[in-house]
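By letter and in written order, the chains are A, B, C, D and E; residue numbering begins at 1 in each of them.
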Amino acid sequence: MSWTPQIGLILLLAIPLMGSIGVLSFSRWPNVREAATLLAGLALVANVTALVLNVHAGGRPMLELAQIAGGLSLTLTLEPLGALFAGLASTLWLINSFYAIGYMRGNHAGHQTRFYLSFTIAIAAAMGVAASGNMLTLFVFYEILTLSTYPLVTHNGDAAARRGGRIYLTILMSTSIGLFLPAVIATQVLAGSTNFTDGGLLAGVITPGIASVLLVLYAFGISKAALMPVHNWLPNAMVAPTPVSAFLHAVAVVKAGVFTMLKTSVYIFGLDFMQTIPAAHWLAGVAAVSIVLASLIAMTKDNLKARLAYSTISQLSYITLGAMIATPLATLGAAVHILTHAFGKITLFMCAGAIYTARHVTTVSGLKGMGKAMPFVFGAFFVGSLSIIGLPPFAGAWSKLLLMMGSTSPTNRIFIAALVISSLLNVLYLVPIPLKGFFGVPPKGDDKKPTAPRLTVIPPVLTAAITLILFFSIGPILDFLRPVFEYGGG
Amino acid sequence: MTMAMALGMIMPILTWAGTHAPPLVVVTPLLAGPIAVFLHKGRLAWAWALAISILTFVFVLLLMPQVIQNGHIAYYMGTWVPPLGIEYRIDSLNLLILLLVSAMGVLSLVFGLPLVENEIEESKRGQFFAAFLLCLAGLLGVTITGDAFNVFVFLEISSIATYVLVSMGAERDRRAYVAAFNYLVMGTIGATFFVIGVGLLYMASGTLNMADIAMHIHGHSDNRVVRAAFAFIVIGLGLKMAMFPLHTWLPSAYARAPSMVGVFLASTATKVAFYAMVRFIFSVFTPGSPFEGAVFDLVLAPMAVAAMIICSVQALYQINIRRLLAYSSIAQLGYMLLGLSMGSIAGVAAGLLHLFNHALMKGALFMGVGKASLRQGVTNVQDLRGLGKTMPLTAASFTVAGLSLIGVPLTAGFVSKYYLVVAALERGWWWAVAALIVSSVLAIFYIGKMLETMYLHEPPKITKSKKTAPQAPAKTSLLALGPLMLMAAANIYFFFDASLPKGLADAAAKALLGGGAS
Amino acid sequence: MSTVLEILHIARFGLAGVFLLGGGFFVLAGAIGVLRLPDFYTRLHAAGVTDTMGSTLILLGLMLIAGFTLLSVKLALVGLFLFLTSPTATHAVANAAHKAKLKPLLGTYRQTRKGDNEGGSQ
Amino acid sequence: MNADFITPLDAFTIIDLILMLMLLIVGLAIVRLNDIFAIVMLAGVYSLVSALWFVSLDAVDVAFTEAAVGAGISTVLMLGAMLLSSRTALPAKPVRKWASFFIVLATGAALMYAVTDMPSFGDPLSAPNAYVGLEYLKRSLPDTEIPNVVSSVLASYRGYDTLGETSVILTAGLGVMLILGMGGKINGQLKKKAIDYDNADAQAHHTVLRVVSKMMIPLIVLYGFYVQFHGDFGPGGGFQAGVIIASAVILYALIFGVDAAKAAVPPLVVRIGAALGVLIYGGTGIAGLILGSNYLDYNVLDPHSAPHGQELGIMSIEIGVLITVCSVMLVIFYGFTSRQPDITDKDW
Amino acid sequence: MNGMQFLAGHFNYIVVIILMMTGLYIVISTGNMVKKLTGLGVFQTSVFQLYITMGKVTGGRPPIVAHAPEGAEHAAANGGEHGASTADTAVRMVHDMADVPVNGVIYSNPIPHVLILTGIVVGVATLAVGLALIVRIRETYDSIEEEDVEEAEYKARKAANA
């Protein structure tokens, strides 16, 4: 039977689940189990690329999964934004799997079957979020994502992991059930459905006053976007092993959060209607504050992963800022930033993981002189940080540029200041790490110590290279995303 | 014997059973009870009780096509025309409850065998199952009858049987007697209030048939006797269903009862009292009148909200798991009461849907605790340690039911909470939506606490030295696992296809609010 | 003839009235006796009075009113039943008190007022 | 509501007033007393006086039952339970007194609020008295040829209620059996005999009682059966008869010792009786079902004359009720006497 | 309908309500379990009195219909009425004095009596189960006062935790 977009949508969910069955059934033979994960990764990437091409050609595949009584339905559909996130997630998942195999073998971690199982379910949920047709389906997969990543966060099983897991679950669950769910239901009641419609579902349907209340509910309900007051779960999730942190911060959880934020502002409220909502401006202010504040905190953190965590919080607020400013350019910049930041940040995390596997060092001060022993790892780290800072030869530059171009209107000018300041702060807390690595004085006998296993070195170098390639191939990506934003704004 | 012959034989029996299903639903368990008293040889009593409950379930299924076809069935006891004789009136509302109660009866019996053999001594098993069957008959009798005083009689049968069943927990926990006594005193006060209410209704209308009463007091909703009757019936049934301020008897009763009784009661007893209140409020009294409207807004809704929040908080601090689940039952009952007190078709339908889903969730949770107590002697939350490893399937079902209680998507709990919020928003009750959210968040905490101890802690090493040495792992047969898994699966299934309970709930709500007792 | 019947008629009701009043008086006397008398055994006497004289007189009065019908037969049966059971009941109570070593209160009324009454009375 | 009916004052109201006054006094006394023996006795008095009041309110059947069941059996059970537990009650704490006083005041106010709209006492055209009640009075005799309308309504028109009621008694009996056991082993060892009733001393001690009761017990049982079969024509019926026969056996047990009573009416028979009564009742209902009509329809029992069928049906269910009530009362009595300690004479 | 007539007509109800409240007060206020059950008994008996005062008809006699009715057609009429499927022949609302006497004699309303017969028996059933529980409670806690029981439980829990 020939591949059709509808079947493609089903496969989006089916492939990871088949992968999980594969992992479960071959749990006793590690190599076969790893092969199953990789195979699933490859199949998923192939399926997503086919879908992306279809969407690029203008197709909007639509599929109804289940019909809950009374006009509620779980529907899957794919539009450029979703395709972007799906493509990003599937490719990075593939790379991350390679890295995870290396890392878990390197650290002889236990419960690997449960580990890979939750991975596959999480990626299935991420795919679901990417391809959801209405806000209710998105909420359903959003919740599954939280629940499936919980065992990943508490993988070590010790007291710290449990405490981290508890905070992780409580914040995410209470904000999603406490704020996100009522927002979804209110949308359903006010607009009769929660489908993502071009130009905004609620545009004109409700007054700006109610819309601002709804927007606030959405903004703080989607705690996965780590907006300042509800960001606390992210640093606490650092107790997880590094492939999980990499996966959480670059590929699935956080990106799902900001992706939802973007979809809300583009499809639920619509760009023009967003301009009229007073709360949007305030929330943009909050995002700007959290950008600067998170960067400041990141500087104080000696622990490498904590520093990267706070850096992620500030980078995510870039995207929320873009969503809240809601001019076509700014939102386009936000979308591109999802892509660039993902690749940049995953490189940094993989390098951190490699260093930990090799030398069990987690603090920045401990990195002195390690660059000589592990040139590739620190090289990739350097490239990744440049991309996040936003220097030209690397992809990060485009997204920051577009964000700045999008906020040229008088009220938004202040946000440009925030963007510039935070870029400077990025330099302050990211660049010293590779510098310390290369030019620091290595303690005696540093070169005799073991280096990171090859499997944990290749993926970061690969992703660093991709950030380079992305810089030059930004054109087609922009054309791919343009219909999403052109439709609404001028 | 060819198929046609067999069919020819069966068809008349089927039609006969179909027309006479209403009384047979109640009479079969009622008369099977006394017979069970003599069968105390091993598992005979249990097999007999199971066969009878399955037969009752079949009779309820026979009712279904007739109710769906022509709205409601009226059956006259002894062919006396209603105001004279007693009449069974079944519409989609009590069909939903009948389905629930009889299904739970079968499930808890199938589930309960190893538990009963572990907790009830051999000689009393026959009488135990007799009391169980009588309780089942009482609950079904209350649900199906269309006569006001008959509700009281069958309510008493089920209540006395429940007091006795609760006191049977004394072999395991000596406080069961005190719990049963308090339950008896509060239950009898509730029943007597209900009798006063029915008496006042009789004084105002002159008949005891619910439809007839409704017809006679339709115009007189400002009559003081009718108002007093409304107040007393609401308080009486409120006591029976553990409405918020009158709930103190429920936690210790469910905690001390034998596990199998806990499973059955948690998912049916309070629900039938809730059904009775819905039936009286909407079919007998006229919901539109200003007095009832005021009572809804000033009494029922605040009580519901108070129940939701205060009992969830209390559930947080409980050590004994069954008490924790009991408090959460009272909170969930607050949800149903909230739906009821909205007075709108959507609200009542949402409340009834939550009633159906809650029975599934709470039944599964109590079954999980029952099975765990069989293997690991679980009474407190700490004893759940490491259940995820020692009993993975039970832990998995427990988790699904727990998540359904919180209202996480992909579980039935989400659907009913969703409709409750929609109904509350339509009614414009913002504070109700806030209360719903707060209590769901509280649910996350107390369910989360249990799930965490189950999955992340090491199982207690079964060493003889431990003070609460769990009993030797009794053969928890597949028999006990079946219903548990079925309930967990039902929790998930009714997320995707909620048409059955939702359809019945909507039809019931329309019947109730559409045109009084249509 | 009719006057004789009438006289009999009036006489019947008159007599019934007398019996009923007498019965009432004895019941009242018994009740006051139970209250006033100091000791258990003496109170027993007073209770005995109501059971025997009081009830029989009332029953006779009622029978007169009911005349020669099934009702008066039933009343007679009740009288017979009372006649058998009330003495037994009093006996049982007295016997139980005796078994429980309850000493009757001896001596005159004044002595009992002044000294501590040695017999343990209720 | 028929507002213009004015209740005439006549001799009966004076009797009612006196009875009501006595009831109030007894009620108040129970509130104030703490000695349980007195409370139990006063409860018995309360039931008897209310039975009297029922007689003056023309509720003869209810008066009979209230006297037999309310005053008789309840007092015996209370005394039994009291002797097996402590004798004096602790006075209630003040804070609890005031709290309960206010709750009671609130409920009382709710009822008083409703009194104004209640039909005045004895009004023949009030809603209850002029509607279905009247219809029963008119149709009972032609339908069931039973003069006592209460029995016919109890057994035939609302027969299902009475089936429920009989099952309530059965459940209670079952409950007592489960909670107290039936005198077999008590936590393992057979109960030792506190008093050997057959030794000479006990014999002498009870001669008067034994002689009189030997005479009375058959009379009581005969009277019980009279009440049972006379139930169609006058006050009486299954319940009262069952209680009377049970009290006869209890009298026998008190005088001749529980073991003698158990020999005469063995626990197994009593257990079977409890179940049998309900089965007879239910069975009559199912008979109606099998003969093609609705449940509990007695007309079809006798094909050629419906009223006779009704009579037959009512007779059989009254027998069912008699057996159940009698056996359950005995089950409860055996249950109480089976618990330690035996009721020694000293405690009386 | 002046005050006095109102009082005469509703005096019964007032007394019954006072009795009900005494019963309820006993149940709620006392700690002793036997006294609680006695209070319950008083409460239920007074409710029955409420029902029975409802049913009394002035000048009525106990509802025992002595002799057969004059109209023979009455017996024939009811023959046709049996049959489950007859339409709801709503019994017509009787509302004039002429209809009150049956065969020339006024009777009291039998329905409350039927209901109360059930009520009394249910009351005794609950009482029996309650007393059985009291006996077992006394065997385990050696007291039937709620305070003593709570105290015993508190000590047991403390000992268990220690």
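Quick note on the criterion: a contact is a pair of C-beta atoms (placed from the backbone, for glycine too) under 8 Å apart; a residue touches a chain by one contact, two chains touch by 3 or more.
This one's a predicted model, so the numbers in the text were calculated from it and none came from an experiment.
Touch-path distance (fewest steps) from subunit B to subunit E is 1.
Of all chains in the assembly, those touching subunit A and also subunit D are B. Of all the chains shown, the one with its CA centroid nearest the global CA centroid is B. Greatest centre-to-centre distance from subunit A is found for C, with centres as Cα means.
Between A-B and D-E, more C-beta contact pairs are found at D-E. Look at where the CA atoms of subunit D average out and do the same for subunit E: the two points lie 12 Å apart. Centre-to-centre spacing of subunit A and subunit E amounts to 70 Å, using the average Cα coordinate of each chain. Distance between subunit B and subunit C, defined via averaged C-alpha coordinates, is recorded as 58 Å. Averaging Cα coordinates per chain places subunit C and subunit D 29 Å apart. Counting only residues that touch two or more partner chains, subunit D has 111, 116, 118-119, 126, 128-133, 135-136, 139, 158, 161, 164-165, 168, 171-172, 175, 179, 293-294, 297, 299.
Contact between chains, per the stated criterion, is found for A-B, B-D, B-E, C-D, D-E. Across the complex, subunit B is touched by residues 20, 24, 27, 33, 36-37, 40, 43-44, 47, 50-51, 54, 81-84, 86, 88-91, 111-112, 115, 118-119, 122, 125-126, 129-130, 133-134, 136-137, 140-141, 149, 153 of subunit E. Residues 1, 5-6, 8-15, 17-26, 28-35, 37-39, 41-42, 45-46, 48-49, 52-66, 68-69, 74-75, 78-79, 82, 84, 91, 93-97, 99-100, 102, 106-118, 120-129, 131-136, 138-139, 143-145, 147 of subunit E are the ones that touch subunit D when the two sit in their complex.
Chain contact summary for the complex, subunit B toward subunit E: residues 75-76, 79, 81-84, 149, 152-153, 156, 160, 163-164, 167, 170, 174-175, 177-178, 180-181, 184-185, 188-189, 191-192, 195-196, 199, 202-203, 208, 212.
Residues of subunit D that touch subunit B in their complex: 1, 110-111, 113-114, 116-119, 126-133, 135-136, 139, 156-161, 163-165, 167-168, 170-172, 174-175, 177-179, 184, 271-272, 274-276, 278-279, 282-283, 285-286, 288-289, 293-299. Residues 403, 406-410, 415, 418-419, 421-422, 425-426, 433, 437-438, 440-441, 444-445, 448, 452, 455-456, 495-499, 502-503 of subunit B are the ones that touch subunit A when the two sit in their complex.
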